[in-house]
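Would you mind keeping the following structure in view while I ask a few things?
Chain IDs A, B and C follow the sequence of writing; residue 1 opens each chain.
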Amino acid sequence: MTFYTLGDDIADTTAPDVPIEQRWDRRRFDAKLVNPANRRRHSVIVVGTGLAGGAAGATLAEQGYRVIQFCYQDSPRRAHSIAAQGGINAAKNYRNDGDSVYRLFYDTVKGGDFRARESNVYRLAQTSTQIIDQCVAQGVPFAREYGGLLDTRSFGGVQVARTFYARGQTGQQLLIGAYQALSRQIDAGNIEMHERTEMLDLIVIDGRARGIVARDLVTGQISTYIADAVVLATGGYGNVFYLSTNAKNSNASAIWRAHRRGAYFANPCYTQIHPTCIPRSGDYQSKLTLMSESLRNDGRIWVPKNAGDTRSPDQIPEAERDYYLERIYPGFGNLVPRDIASRAAKNQCDLGRGVGPGGLGVYLDFADAIRRLGEDQVREKYGNLFEMYDRITGEDPYKVPMRIYPAVHYTMGGLWVDYDLQSTIPGCFVVGEANFSDHGANRLGASALMQGLADGYFVLPPMLGNYIATNKFETIDESHPAVVDTVNEATGRLTKLLSINGDRTVDSFHRELGEIMWDECGMARSEDGLRKALGRLPELRAEFWRSVKVPGSGDNVNQSLERANRVSDFLELGELMCVDALHREESCGGHFRVESQTPDGEARRDDDRFAYAGAWEFGGTDQAPVLHREPLEFDYVHLAQRNYA
Amino acid sequence: MKLTLRIWRQAGPAEPGRMVAYEVPDANPDMSFLELLDVLNERLTLEGDDPVTFDHDCREGICGACGVVINGQAHGPRERTTTCQLHVRSFADGDVIDVEPWRSVAFGVVKDLMVDRSGLDRIIQAGGYISAPTGSAPEAHSTPVPKPVADTAFDNATCIGCGACIAACPNGSAMLFTSAKVTHLNLLPQGGPERAERVLNLVEAMDAEGFGGCTNSGECTVACPKGIPLDSIATLNREYLRASLGRK
Amino acid sequence: MRSSFAPLNFWRSTIGKKAVMAVTGLLMLLFLIVHMLGNLKIFYGRTEFDHYAGWLRTIGEPVLHGAWYLWIQRFVLVLAVVLHATSAYQLSRRDQKARPTKYSHHQRPKANYATHVMRYGGITLGLFIIYHILDFTTLTLNRHGVEGAAYDNVVSSFSVWWVTAIYILAMISLGLHIQHGFWSAAQTIGANRPSRDRLFRNVATGLAVFLTAGFLVVPIAVLAGLVD
């Protein structure tokens, strides 16, 4: 049985055909400009206030556009970018350690296992240096050395120290910078900010995105907002797995609704499983907590050599420990890319060498670092992470090694966008984690912050200007049939959810979905498993619409209703992820198909058949999706199997 | 573990509220406090009751969304811990735990334990930023910042805007919140040009929201999950006096 | 709304009012130190104490006429008390309005006792000042009540146990008020720094003990018959 149909190939037609170093300059030069005096007449909707959305909203407002911005949180400062810990990459080469724009580009393409578009990645590397300047000017308190200059550290998958950081709270500091820039524009009256308001659907008129339908989460009021363009900056969809490092309310509804309206969804199966998370402790677990990858700079990962060894870690002598990453990958050691570190941890646990409850954990040990650097210096570098670990587990990592296990963390897939960051719906732009553009099949550490800010501050604004300059926008009335239809659909959906009044809670469905996805579409995927999942998911979806119980009404705060709406979208998206994973009969980056591995268990790509981005078109409810392939060309970084040994 | 939760229930901003007792017979010491509420809510849902509304998001202590007063203490009994990072192991079997929303005239109750903290956003909007339009920034290394200054700025920038300081303050004062922003931005060389205007605007906005004044009781800093020090309030006062005396 | 007159904005703001309290408080503290030290002259006997009391009226001569200095000082002190009390009253009202709902689960405050009782202490001291002026300045309530006979006026008041009790109570309030107030003032005018925090707290406690003890030594000595 096939689960999809094959459509025409697609291509990005917006990146200019000039040498890669010149593409972004040329694109900006070719772009049409909007006269500053005319910008006031144009409005832009931005959904989301994370790094990408916050930066985009602030910048567009600064340039003079009327921005209407939304976030489901009670304040734009709480978007989940805030939880990013480790750092942000930039090719500043302050360390004189051989870094360059080209090397950052190269590392990112290679780290992404050759499944990203070269043009976009190069531009990202070019933009990276400006981001640091911008953030420092905003007052982001990056870590500094005694001389007053910025400090950097190294991250997984690279051998230069290009990661700028603010202790273990880099995302927070960058987000607060963007939030403050946004606040300045709100105060100036250039942004109409709607907090606690969630996008329910995208309004598409004559093939172009012209607005959104959104629900005020306090009053339940469903309203329409019309603008000349819509920017989706709503983050990733890791919460399909129920347990992930995402915020509890992070969701895919905005991008999934846009997908249903015509935006292609690219590479949905590329999910990043982060190797260093705190293992789960019980069935009540509501989310997983990440321990920054930066810990792998000084922490050493090991398991007991003997399977089923239940001695406490301090009772296990050196000779009976296996520092398996250092053993298998001597070149990068504990700093191998995330996908490799995660899979290695899973393999060790599968061999019965896992530690902690259920054997689902490995040690991350700082004893050597404390001996070498002293406890104070370790505290200075990682103090807040150690505290967090202690609070959650009740164990002191200065005394006993941390226990870690991989968890879903980031989704490389997302809405397909061209070089201009425009989706297949004209006027619908997608930035940050919500798009698929820069990370291929695996994202390197400290690159998400870089991409979010690059998109929001520097890439989107000129491209959005070009769209506005080259289009005419007739006035749209709220009585326009397309608007009315979209509102009715959104309202009908919520009414339906409230009326089912079945016997299962929303969370019970979400948990079950998560288990299926983790088992069959998680760290290792097989044809059998994926087919099994694809058999079960439509049943689960039908069961959801038959027996979910959503208490309360739609006309005030109703968190169950919010969740139900999000989970109903996750149920559909989960299916598409499995279809994508099933069709991609190769292993690459975060997508590991057990049928496609080297004799020693490493991922084996199949470049002849799969060197493309898979962009899925919505085929209709209960209809098979349509695959459009965007062939990827590697003119600069030559295709090679990754080797981190 | 068996726990009894007495929770503030209030259907809407204008509705009367009251404390309602619920038993959770199957609490686990390794649960977070919010997971305890999740477990209760799952049960309430199935029993046809209205589940308890509370703000929460990242559940790792950084977004600042969660926050309730537990046994009279903002974010509960553990120091430097947000509600989501508080675990049931901090309580004993059989405990009766009072759970109430943040109380302040500037934080209206939206529903149950959820309050309106938009006043904090308005304080930041009044001037809690450095004006640096995108693209205008000079090279990052053109202005070195001494490490101690950068560290102090960072310590204050870690504020998560949860509002615990206000909830804990007997006067419902937002001085610690405001002082964290002023200290963060006014100490940095980049924040210099707007230094005086910033502090005057922030204090004016803070007062306009109806927050109380500071009596230096220090409750705020004890409740602060990020440990913003009381010293920041002295810095705010200093900056305010300086600006009021017309020094740039 | 912000006015174009900066001092008005300052007075309207919570920090401005608090700074007014700090500065007036420090001014009164300074006065109290001198006052307390002067009181101790009573141990040198009637003649010297009465002479000292008389001299207080002539400070500033011959530049200033007669008791002008005394009246200037009185004016400044009354102004300080009025500003201190007005700020305290207005801020307290504001504070109470800012937290209209109490938590149903009461939690013992983490701040020390002195901080907790600032408002009550302030009211106690205000009432005490009125009594004190009626007792020793206007002599309205003084049993001896002879102008110029400061020594005998003091002895006559403190020979009554309940007058001494009132003084003891007031001076304990004063000590508590200074213990929090001095450090709080340092905090409010922004003089405090992490490096000086301990110092300010110790000085505050020192001043509190020093003043309370210094003021109490006189009535206790009278009651004990050491001064008569």
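By definition in this document, a residue touches a chain if its C-beta (ideal position, glycine included) is under 8 Å from a C-beta of that chain, and two chains touch if they have at least 3 such contacts.
All values derive from a computational prediction rather than experimental measurement.
Centroid analysis (C-alpha atoms only) places C farthest from chain B.
Central chain (C-alpha centroid nearest the global protein C-alpha centroid): B.
The busiest chain interface, judged by C-beta pairs in contact, is A-B.
Centre to centre, using the average C-alpha position, chain A and chain B are separated by 27 Å.
If you average the CA atoms of chain B and of chain C, the two centres end up 37 Å from each other. Centre-to-centre spacing of chain A and chain C amounts to 63 Å, using the average Cα coordinate of each chain. Of all residues in chain A, those touching chain B in their complex are 55, 58-59, 62, 73-78, 80, 82-83, 92, 94, 130, 132-150, 166-167, 169, 171-173, 176, 179-181, 183-184, 186-187, 195, 218, 245, 247-249, 281-282, 284-287, 289-290, 387-388, 391-392, 394, 457-458, 461, 503, 505, 507-508, 549, 551-552, 556-557, 559-560. Against chain A, the residues of chain B that register as touching in their complex are 11-12, 28, 30-32, 34-35, 38-39, 42, 44-46, 48-51, 53, 55-65, 78, 80-81, 85-87, 89, 110-111, 114, 116-118, 120-121, 124-141, 143-147, 150-151, 153-154, 157-158, 160-161, 184-185, 188, 190-191. Residues of chain C that touch chain B in their complex: 2, 6, 9-10, 12-19, 91, 94-107, 109-111, 115-116, 118, 180, 183-184, 186-194, 197. On the side of chain B, the complex with chain C involves touching residues 8, 19, 69, 71-73, 98, 100, 103-106, 169-173, 175, 200, 203-204, 206-207, 210-219, 222, 229-231, 233-242, 244, 246.
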